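The structures considered in this document are given below.
Below, chain A partners chain B and then partners chain C, in two separate complexes.
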Partner chain A sequence: MNPVPTAENPFAGDNSGIQKRETAARWALRVGSYIVVIITLAIMLHIFIKGAPVTFQSKWPFVNTQFLTELPSQLHVIEDKQGNHYETGVNGADAIKKQLGDNFRSEKTIAYSGGGILGPIVGTALLVIVSVGVALFLGVACAIYLSEYAKHGKFLEMVRLAILNLAGVPSVVFGLFGLGAFVLTAPVFVDVPADRSVFAIPLGFTTLSFEGWDTCVLSGGFTLAFVILPVIITASEQCLQAVPQGFRETSMALGATRWQTIRYSVLPFATPGILTSSILGIARAAGETAPIMFTAALAFKDKLPWQKDLPPLPADASIFAHWEQSVSRFLGIFTESVQALPYHIYTLAAKIPQNEYSERAQYGSVFVFLVLVASLAASSVLLRKRLRAKYRW
Partner chain B sequence: MDSPEPPPRPPLRTLLVRNRKRTVLGMDPQQVIKYFFGLNASTAVIVLVLIMLFLLREGIDFLPTYRNELVTYRRAGLEFCDIIDKPLKEHQSLSSSLRQSVSGSLDTLGKTARDRRDAAFLLKNQAEEKATQQRETLEQALEQAPPPAADKLDILRREQQKAAAVAAASLVYPDLFTAAEKQQLQTEFAALTPEVTDLPPFLQTLAADFTAKDHEARTKFEALVTAQEEFEEAPEGLQEVLDELKEHAQETKEKADEFHVLETNRQRLLEAAAKAKNADEKASLTEEAEASVAEPVNLDERTKELTARAGELREQLENYVKAAEKASASLPQEAGTSAATTMLADVRAKLPVHVQEMRDAALQLDQWRSDKPVSMISVIAAFFFGSQWITNSSWQDFFGFVPLLTGSLVIALIAILIATPISVIAAIYTNQFASEREKEIIKPIIEFIQAIPSVVLGFIGISLVGNLIKDFSEVSWLQWVPGFPIQERLNMFNAGCLLAFMAVPTMFSLSEDALNNVPRAYIDASDALGATKLQTVFRVIVPAGISGILSAILLGLGRVIGETMVVLLVAGNRIAIPDFSAGPGVIFQPAHTLTGIIAQELGEVSRGSSHWQALFMVGIVLFAISLLVNWCARAVARRFEPHKA
Partner chain C sequence: MAAETPAPVSEEPLIQVEKFNYAYGDHQVLFDVDLNMHSKDVMALIGPSGCGKSTLIRSINRINDLVESARVVSGSIKIDGVDLYAPNVDVINLRRNVGMVFQKYNPFPRSIFENAVYGLRVAGIKDRHDLEEAAERSLKSAALWDEVKDRLHEMATGLSGGQQQRLCIARAIALQPRILLMDEPCAALDPIATARIEELILQLRGQYTFVIVTHNMEQAKRIADRTAFFYKGKLIEEDDTMTIFNRPNDPLTESYITGRLA
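What follows is the complex of A and B.
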């Protein structure tokens, strides 16, 4: 008699154990990777829940404009005898005290927690403008050299090694470098060199003295520029490399010089990519604290960089009549020290006690800061995706 | 046909365009453009060199400055005092352990009585506070010079009585008291008036109870109590002499410092005078220089005064050692509770060591010489192996590097131990198992972490993670974990967790790249041999990509060691070597770090001081560490590179 045929494959071994193990391991790996995702989302959610109520409101215009457009100040908390608390700024405190009269019980002041965060936002914006300007110039030029001109050799190797190492230097060391280089030694034009000047070159009408820029936007911006330089170089080089070799060959074959080739056949196709990637550099520059701690940032300042006690320009003439003064005043913005958002958050987190009143300023600034940085990073990623779809060679 | 004469070429044009190439500074413009870009490319190299130069410029003077300070420290005799003072500090910790042991033992008998007394007095305070307004009004009325009319006082009294009764009724009486006692307390509190200063009878009973119990306990543990008291008083004589000597040494140091400052000032003025062109200016500068002359301190003379009292010091030391030994001999084996006994055993074990240390110190006193030179090597050793980082001290500043280094290393180790498995697992999963859809969720989110500024994570560490860890450590079924319940919200573990979170994106993307680079042929071959997916992944792909994964870990380590804001905010900032005798629980202690100390202290020091230079030295070391880690990562990547098929 023939054996009864079965549906099972007679050659298959019993692999149920292996199957189970495979599935188990796969799930273990899956859970492991999702842990990070969940933690990230949880942190975001926490900041959103605590910070969004400070920044947004339920009434028109839905954004807490006071928080975004006022300078930081002291917060006064006044308690009356019924145990009610009134939170107010410096100016409101006296009025409320007068109004309460005998009912007044106690007053607490909490540093930095009142008002808004306009000062830090402006400071961060100025720092980012300077640093990205400098870093883009140096970084793109460096990338063009690496991608278009460089031949294999000692110099190229050295430059690549330097970029790698620069990317690994701790940010606080950049801060020390910025302090030593820009704050204390960078060259300035002065009439009489200061005592601390390293050396001075007389130029006749003025003196070029290496005495430093002091703590100001310029020092901080330059320091940040070197922090983000490796990021910009790497990103720009990738964009340049992505332009097909054929474009260059065609251009050269038509008799264009190397520079013409770069100018008309490479850069136009690489620029959008370079700009999008540099947004990532902006996010990085905006987020760094340690490099600006000693070079630009102040814990507290009750004025914006352009609010200085200078005599007003005569109103009678047109603005062009005083262009020299106007320009020097405009440049003066960059020689002021400023508040910066990351440093403001550091001050709020480390220098004042944690309590219910300081929480508003803390979570509010953290939320605004994170939204700024995250939207920069996200827009960079999205734009890059769209660019990739557009330029498909 | 005559062809027309070709027109003569304009000579100027020839000169400019045809025959000679355009040049800029004698070079081909193309060449100039190339050099321009080359120059920009070398910025990276230049910046790296400049970083090194500026760090060295500000920091390198540290060694001579610190050496000068150490020379003064020795010559002024501060070191002489520290020989005794340092081991004597141990006395305080031993003494406090003993005190705790004693109070623990006494508590076995007296605890209920004490608790009852304390609770009752606490309640009394609360009752008084609740009726405080009426009380104060009454008190004021009573103190008025012409006392107010009796009926007015009566009204006030009644109001006060009423308030007191309300307050007494509203109190929550703990279950330490029986129902009858609670009633009793309430009536007594209700009767409290500012006019009677005596304690109510029941409170008096409670106080007396406690005194009796305490007395009983003290007789029971008499041996322990007397030994503790003797030990506590033992160093009094020694301390007295030492304090006098310290004062003397300090005075010497201050004088020496003053002389040094004035002297450098004078030198500078004289130099300026030598350079001055104007005769008047020269004269005035010289005059100023003459005015700043200070009397040099005869250091040797003054230190002799110190060493002259060495005999006296040694005698007191001998007394102290004898007293300590006597106390140690009379310490009983047992204390009241098991915790107290453990503490007692600990003290018993440490006491002989302490006594020996004091004896050694006495011997060192003889060998100490104020004029022994301070070698450069010993200064370098004092920085790199010194265990104290003390600044702004009125006694002597020490810049020892070890506490900071250990803090940094322990935190980095914790971070790497947490981050490595997580990021490698995530990399393996996304690279090999995840569907396209999952990849689109996991990858951007993990890469997004990179965009979170470190100061935000530091803030999260203070406001969220610290409290979470502390709450966790107080859960009863987790008490087996070493170090639980934790003392400090901000500690190395907290910082390590956050740094691990920061390091994950770097390590994840680099590891994933490494797995991506494994040649396709390896995987195909493994599949063809019938390996399951899991086998392929763990026996072929991961070993082939191990070099990339290792270098990813190293680069993550570099990032973790160099991170500033998180550790500055979260690590707790206690400058001391963590107490490794606590076992694995050491990770829950606060510490300070290399990066944190720079960020915290640099803003507050004046330029050119030894402290400033020391911080730049720390910066130099950090820079060196970052270069080293980078180099290692590249070396590892090269060393284990798979032979590509």
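What follows is the complex of A and C.
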């Protein structure tokens, strides 16, 4: 029988049903969270176990410098009659075969799995620099306009909606957009427009030709910038909105213009948040594959972007000529196609026959990539902490 | 005190509010306000919450222009006979002449020095010596100099609430404005800090024209030469502070100051 309230215990009653449901709900939520944690840990652990041995070693300097400083290359695996395996690059293969002589049994070559991953690391770094630079400039400008200048109303709502939608566009669409916009039609200054030029505007001393930037860091960086733009705009706008309205009023009440107010009393206090969000943008940009596949990245490239054969300068070349060549060499970095980490991982995983050697290169790359992203995230947290401490209100 | 020196009413008023109607969007909040304020007077604006005191005071330096929906429906506010809402008025110039101190003390999270000279910096003054001189002068007149002179380059947010509010006053008077608007300057302060601000206002009396919004009747009595009572967006009456508090004309005023107004 259900207990009923009495004079001694006016709160008596049966709540066992309620408590059962409480317990069930709590357990369902708890199990759900545990599953997420376990799966995340399992993935991390798996990558760590398989990837760490490729990147680290037990001997000094404890880091596999070859893996981090060499370009990817073909791996040769030579087997002798006793079943011993010798791994080597292209150049070492003949020497080992000669040494083995009659003892030689077989030779296997595995694409992209030898050497290191310096090329992809450099490529990803360059793509990130360009994309974050472009996205920060455009995104912060847009956020400032939306937050500080634009009047509330239909137009503003539409722009916000458009930005939100941009965030939902599949990244391969960005890739195709980048191909059309930056690789094939973006404007360049040339002396003679190419045949494929969409149209050309003669400027006298040069011609502005819409013939595209070709497959290069610049095209890929701009494409990636549009991928992370929504994140940066939304986050920057939130950071600007978080600056107390009182700062704006006080500043304007002291005779500041709107731009002075933004420059001195809004932006500095929004910067920590904007930087944090941009670092998260870096992680996103570094990890995207589809947007760079058509615009910047190659599956394989045996040169770093600055390894270019420029004609040697004459011995008596002026300082100016040297300077000019350095500048063009530097700018040339951004007009080269590159390898990139996510695309390299994709190539290793999906484009070549799988075996223990390709798997090793693959997990090593994934591990390095995760370490890079994790350190970016960590530095974003640290940076935010330090800036927050400086600008508190 | 305040009431023993009745303000000279004969001369031309400095601020003239004439048939002023003001609205946020379709929501009108000030109705036909007519109010004259004389040079070097301390004018207190009192009235129940939401009656439009802040709106009026924020219209005098046009800081309410920042509120998107805010607009003048009709009427005018004039300073020295110049309509502030005329198209040829430069709001930047206006705001340099009409300083404002807000309810919530809000120094920028910068150094005390940078706060004190903010208005001068944005006005384009770069000379270090001029800035230092101005900072010292304004901090002295805000009775803050002795407390901060050794820590000018520390963060202003490290000061006590009362000190921060005095810094905000210093920051406003660094531009040597003619008028100082204060919207409940003591609302966020404890009684001791409040007393210091009141003391400061009494010290500065005669140098600036003050317009002060307050919910504190005693404060109005202590510092104001004249007091204006607002109710639901209308000016009910305006007179000598002592007259308002001792012999108010309107029964509404009387019930408000005696705390009987619902």
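We adopt the following convention: the second predicted complex is superposed on the first by the 352 of 393 C-alpha atoms of A that agree within 3 Å, B and C clash if a C-alpha of one lies under 4 Å from a C-alpha of the other, contacts with A are read in each partner's own complex, and residues count from 1 in each chain.
Basically, a contact is a pair of C-beta atoms (placed from the backbone, for glycine too) under 8 Å apart; a residue touches a chain by one contact, two chains touch by 3 or more.
All values derive from a computational prediction rather than experimental measurement.
Student: Would you check which partner chain A:His46 touches, where first means chain B only, second means chain C only, and both and neither mean what they say?
Tutor: Touch partner of A:His46: chain B, not chain C.
Student: After lining up the shared chain so the two structures overlap, which partner does A:Thr257 touch, if you call chain B first and chain C second: first, second, both or neither?
Tutor: A:Thr257 contacts both chain B and chain C.
Student: Return first, second, both or neither, reflecting whether A:Phe226 touches chain B, chain C, both chains, or no partner chain.
Tutor: first
Student: Have a look and say if chain B or chain C is in touch with more residues of chain A.
Tutor: B
Student: Looking at the overlay, what does A:Ser171 touch: chain B (first), chain C (second), both, or neither?
Tutor: A:Ser171 contacts chain B only, not chain C.
Student: So, A:Phe269: does it touch chain B (first), chain C (second), both, or neither?
Tutor: second
Student: When the two structures are overlaid on chain A, which partner does A:Gly246 contact: first (chain B), second (chain C), both, or neither?
Tutor: In the superposition, A:Gly246 touches chain C alone.
Student: For A:Leu179 in the superposed arrangement: first (chain B), second (chain C), both or neither?
Tutor: Only chain B; A:Leu179 stays clear of chain C.
Student: After the superposition on A, what does A:His152 contact: first (chain B), second (chain C), both or neither?
Tutor: After superposition on chain A, A:His152 lies in contact with chain C alone.
Student: Looking at the overlay, does A:Gly287 come into contact with chain B only (first), chain C only (second), both, or neither?
Tutor: first
Student: Shared contact residues on chain A, chain B side and chain C side combined as an intersection?
Tutor: Looking at chain A, the two contact sets intersect at 257.
Student: For the complex, give me every residue of chain B touching chain A.
Tutor: These residues of chain B touch chain A: 29-30, 33-34, 36-38, 40-45, 47-48, 50-51, 54-55, 57-58, 421-423, 425-426, 428-430, 433-434, 441-442, 444-456, 458-460, 462-464, 501, 504, 508, 532-534, 555, 558-559, 561-565, 568-569, 595, 598-599, 602-603, 607, 615-616, 619, 622-623, 626-627, 629-630, 634.
Student: Considering only the defined contacts, which chain C positions touch chain A in the complex?
Tutor: Answer in residue numbers: 61, 63, 66, 68, 92-93, 95-96, 99-100, 102, 104, 106, 108-109, 118-119, 121-123, 157, 168, 171-172, 175.
Student: Provide the residue numbers of chain A that touch chain B in the complex, in ascending order.
Tutor: Chain A reaches chain B through residues 18, 21-22, 25-26, 29-30, 32-37, 39-41, 43, 46-47, 137-138, 141-142, 144-146, 148-150, 155, 158-159, 162-166, 168-177, 179-181, 184-185, 226, 229-230, 233, 257-259, 280, 283, 286-290, 293-294, 342-343, 345-346, 348-350, 354, 359, 362-363, 366, 369-370, 373-374, 376-378, 381.
Student: Name, in rising order, each residue of chain A that touches chain C in their complex.
Tutor: It is residues 151-152, 244, 246-257, 260, 264-265, 269, 391-393 of chain A that touch chain C.
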